[in-house]
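Several structures are given next for inspection.
Presented sequentially are two complexes of chain A, the first with chain B as partner and the second with chain C.
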Partner chain A sequence: MPVVEQLLGLAGVGKERLQLCWVSAAEGQLFADYVTKLSDLIGQLGPFQPDDFKLELAAVETVLKSTRIRWLMGMDRQITEQENVYHEKMDSEAYQAIVRQAVAEEYEKGMIFQALADGPQSVREIAGKIGLPVYTVSLRLNDLERAGQAEFHEFEGTTAKFVRMAA
Partner chain B sequence: MAKSKESKKVGAVMVVGGGVAGMQASLDLADAGYYVHLVDKSPAIGGIMAQLDKTFPTNDCAMCIISPKLVEVGRHLNINMITNTEVEGLEGEAGNFTAKLINHPRYIDLEKCTACGECSRACPATAVNEFNERLDLREATYMTYPQAMPRGFVIDRSICVGCGLCEKVCLAEAINYDDKPRQTEMEVGAVILAPGNGVFDPSRFETYNYMDLPNVVTSLEFERILSASGPYQGHLMRPYDREEPQKIAWLQCVGSRDINHCDNSYCSAVCCMYAIKEAVIAKEHAHGELDTAIFFMDMRTYGKDFELYYNRAKEEGVRFIRSRIHSIEPEGECDLLLSYVDDQGELQSEVFEMVVLSVGFEVGEEIIELSKRLGIELNQHNFALTDTSTPVTTSRPGVYVCGTLQGPKDIPQSVMEASGAAAASSALLNEVRWTETKIKELPEQRDISEEEPRVGVFVCNCGINIGGIVDVPAVREYARTLPNVVHVEDNLFTCSQDTQVSMAEVIKEKSINRMVVAACTPHTHEDLFRETLLEVGLNKYLFEMANIRNQDSWVHMSDPEKATAKAKDLVRMSVARAALLEPLEERMIEIKQRGLVIGGGVAGLNAVLNLAQQGFEVVLVEKEKELGGLARHLHRTIDGLDVQKYMNNLIEEVQTNEHIQVLTEALVVGFSGAKGNFTTEVLVGPGMYERKIDHGVTIIATGAVEHKPNEYLYSEDDRVMTQLDLGNFLHENSKEAAKWQRVVMIQCVGSRNEDNPNCSRVCCQGAVKHALELKELNPDMEVIILYRDMRMYGLLEDYYQEARSKGILFFRYSADQPPQASRNGDGLQVTFTDQVLNRPVQMSADALVLGSATMAADTEELASLLKLPRNRDGFFLEAHAKLRPVECSSEAIYLCGTAHAPKLMSESIAQALAAASKAGSFLAAEELRVGGAVAVVDPERCAACLVCVMSCPYGVPRINEDNVSEINPALCQGCGVCVSECPGNTIHLGHCEDDQISANLHALLEGVI
Partner chain C sequence: MQETYEPKILAFLCNWCAYAGADLAGVSRFQYPPTIRIIRTMCSGRVDPVYVVEGLKNGYDGIFVFG
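Up next is the complex of A and B:
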């Protein structure tokens, strides 16, 4: 959940839009309270238009499907509560920080990947489309190139255009 | 007290640092009969040179020229590569050291790792990539760079979270999380330090804003940007927005010649050349018009052909602006504003899209600590303390140094010093040569001439590199249907050790007599598979390889069906050819165990002495009556060496050495033979009696001469003299010199002009040396040096600083406005245009000293006798400017000293040792293997038409006494040109016979034609 919350925050959707609550059949009052709270919350937040967030949500989905994030998430408890392959236990805070960093990077990469669906674009064009700083796009695009998910296409004058590769 | 027990010397050497210098030293020593332990702190050897894109002055791709060295080091039987390891301590003494090493865990077993890369692709942890100078990221499980040696991955524990994913995806089961640090000890006879240096970190320069402005990069970052294996695949882009910059500026001397931001008062010796190189290469990469500007103080292009490189760059439009930039200010979103004062004193501003900081060398804390642990002294700049006359010897006997720890220098100089250090080690350990080396025992080769071809086909999956695209089982089954095939199998990794073992068994079991491996490129593993054949008693030429990886699976990843079909075609071709392969004979010929050195100056004497100390017989031929060459006219070097004393000692050592024969007044009049078997005819003495010398190697050390100027009233007035003349004058008549009130020196006389476009390298320091001497004689004397650039490179810069602080005046003149010398009655006057005042200045002078050019000695006859090419200025041509600076293209002929190019005495000595090292390594083998895949003429059918003689690029075929063409198997390079040119189809090339090539082609076109 922290990962999803972080992603929804990055996407500008807001983490409150997704709620998870465990209720058993015997906890009727709890359920009622919860639904009331939720209704109030929705009233405050107002309507949500998924179409406004197409690019962002597609990026979020890419992140959640990525091996890197899934493996990091999956190994969390093992590494922070028991031991990693070196028979050491890692500090939970430190591990969370690594996961958060990775999620942020993967999200930015995901956004760039989605933006490139429209065809060859330059770093500035991508940055303009997805609202990330130019230099950040430059760095993350490089990560995509390294992973074979994006590639330099051609120069238009002195502007480099990039394309995405088939998965 | 009795002498301490003589412990026998150890015939092994430890080389610390696997950069280009470390590798060269290792190869020289391993070839010369010593076992080498090459230790490197990094997971891979290669050093800084592996990070460079191109190298000056040839603009060769750096990786292309060190790859062969990397591979040779990797597979040399007598080199033990120990990576990820540091030296903790060194005890003992010269000839007998005990080195303590700490081996850091790699977590990946190199014996099993096949470098397929799956672990890296899966790894979820990232960190900044140091190899790419932090421009991009890398994983925790990574390979330093694609061509890394040893070939394999490593886990960076500092960022690894220990998730275990890499182990899951590794098909070779090479991951070992339980790897631990190991402490080991090693017995060696000598140590060579070649750890290199880091470069200056410009984040200290607040005014350059390096940390805040992404488009301000260091020169090493720029190399990575230009490099095809770098983060931008070689496209010229700037980091901020990946746009191609249209204006780039280089700022020279960042972290060098600087006592303000740092203590690096020295010059880093390479930055001027590399900035020019980067500018020129960047222009090549650019799509549009790229404007390049280099901001410098002195343009130090002092090496062989460097001045020509500088001139060409100017012609290509690279701008050179003499000014040292103070600040880089941000302009607009990501551009950079530079302000500077030009020659006329006007303030200028220019906006650039990218700025490259030419960072210099700096000895880092780690290296300083290492030096302490090894017990060697460092100088005030933390470079190893060495002597002019012993440039590769450290303060600790038995420990030698080479490369940039010895001082800032470029690649050829590093390579020369590395060989020099090897020569010094060899001299120390020569009595235990071949005592620690490994020899491979091979079984007799079985005679297959009566057998039908029985082909074994091994198809490799290469992990998933091939198997993931090509249907390997299908290819294997297809191979079964081919003619002559008696065995097929597929392997996960055909190159792995265990597969070699099982292949050997299968070959014996099924009496296989031809082997086909369908896998990667022959460049990687052909030798490995040939070794396997030799070990099982088969001739190594019975092996054939089909490249179904680099030429198939890697380039047709998107079409597995077609890739599989192509793999079948390639295998069919190889099987057809393999059936026709024949065993080829190689034979051993003896190497004459004697060296011949031509030239008895500083270089020749050092070369001959070292060869003798290595245990070889040597003959020294000198055309003058006296030994010593140019050094006879020198008295002091700039760092205070008493040259005459040094030379007298050296000459005595040479003359009293029982392995050396000295022939003076001797002229070379005849030269014949080939590597290992030369015969030289010499006329000796005033009686001109003939001597014939048989030798295995030749070293050219014919030296250079000082140009006698024909300008500035030289030879018209006694007060006008060259620096050499001044040296002699100061030695004989210093009292007279002390009376002088003003001395004017003019640099670049006879150099950097149309007749001689080269820089003579040594004149700047010669002038400063004498200027300091004059000031010592008479502090009130005015000493004025008129220069174009002060080329006080490397550690010489400190003398330049000293000179300025002692009040010696330096005035710059430009080539189009040279100074004038004239006589006014009895007085001598010099007039020049001062750049700052921008007006002519006239001075009277008591002496006018000319920094005259160093020209090649007259070697026309010798060069034609030995068939050695020289450049247009008469200096001998080396085999390769960067990597083979002491070898001539003709094998077993070496070159050293000023015969190669002008250089300092210490540099001549280093190069002489290098030549002796190479010569010694060659002689040490005692035998030469020749033949195999070489061209052979059928004498019955040869018509002596001379076409082969004329077309051979190596000049090998010759018409013999029977009037037919003959090709010496020792010299033939197997290129095949003569074979294809011969109109009578009378020459055959082993391993490339007509029927073999034909079979290959017919198999390819089966079913098509």
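Up next is the complex of A and C:
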């Protein structure tokens, strides 16, 4: 839940568009109240235009499907409440910090990966498209290359062009 | 005539908790806005984050998960 909220925030969708509430079978009134209150909230936010967020949403989806994030989400309890294979236990705060860091990195990678869907591009072109500094794009592109998700394609003049590989 | 904007919301309801709650709300005739489209899941823990993104992609204005 915090992961998805952070991602929606990063994507500019706004985390308010996702809500989680607990309602038991005996709380019909509570359910009606929640729906009324939250519908008003979404109503204030106004309509959501998925076409404006195509790239971002695709990136978020890539992140949520990525092995790294899946592992981190699944191992939360194991590592913070019990211990890992080296009998080390981790503070919940520290773990959340790692998760947040990972999500931010993966989101940048996801954006690059999705930006490359339009064919071979240079680092500068990608950076311009997704609004990240050239240096960051370069770093993440390196990560993608190592993971086999992107590859050097060809030189156009002296500019290196990159393509994405199948996920 | 003034046209009021009505959000389109996708709601995932747990079969055992919120779905029964929603049922009760209906049976007891509590009023709530007709903005939500309900999907019943066997458990709210079964809702994958990817479903949320999928919902937004398909043009829903908001996603609720009730458990």
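The rule is short, and it goes like this: the second predicted complex is superposed on the first by the 167 of 167 C-alpha atoms of A that agree within 3 Å, B and C clash if a C-alpha of one lies under 4 Å from a C-alpha of the other, contacts with A are read in each partner's own complex, and residues count from 1 in each chain.
Definition applied: contacts are C-beta pairs under 8 Å (C-beta built on N, C-alpha and C of every residue); 3 or more make two chains touch, one makes a residue touch a chain.
Because the structure is a prediction, the values reported are computed rather than measured.
J.: Regarding the shared-chain residue A:24, is it in contact with chain B (first), chain C (second), both, or neither?
T.: Only chain C; A:24 stays clear of chain B.
J.: With both complexes overlaid on chain A, does A:141 touch chain B (first), chain C (second), both or neither?
T.: first
J.: Does the superposition put A:46 against chain B (first), chain C (second), both, or neither?
T.: In the superposition, A:46 contacts chain C only.
J.: Regarding the shared-chain residue A:91, is it in contact with chain B (first), chain C (second), both, or neither?
T.: Neither: A:91 stays clear of chain B and chain C.
J.: Which partner does A:118 contact after superposing on A: first (chain B), second (chain C), both, neither?
T.: neither
J.: Within their complex, state which residues of chain C touch chain A.
T.: 5-7, 9, 11, 16-18, 20-28, 30-33, 35-36, 48-50, 52-54, 56-67
J.: What part of chain B is in contact with chain A in the complex they form?
T.: Answer in residue numbers: 121-122, 124-126, 135-137, 157, 161-165, 167, 177, 214, 231-233, 235, 237, 239-246, 287-288, 333-334.
J.: Report the residues of chain A in contact with chain B in the complex, numbered from low to high.
T.: 67-69, 71-72, 75, 79, 84-86, 88, 90, 95, 98, 102, 105, 122-124, 127, 134-135, 138-139, 141-143, 145-147, 152, 155, 157-160, 162
J.: Name, in rising order, each residue of chain A that touches chain C in their complex.
T.: 3-4, 13, 16-36, 38-39, 41-43, 45-48, 50, 53, 57, 60-61, 64-65
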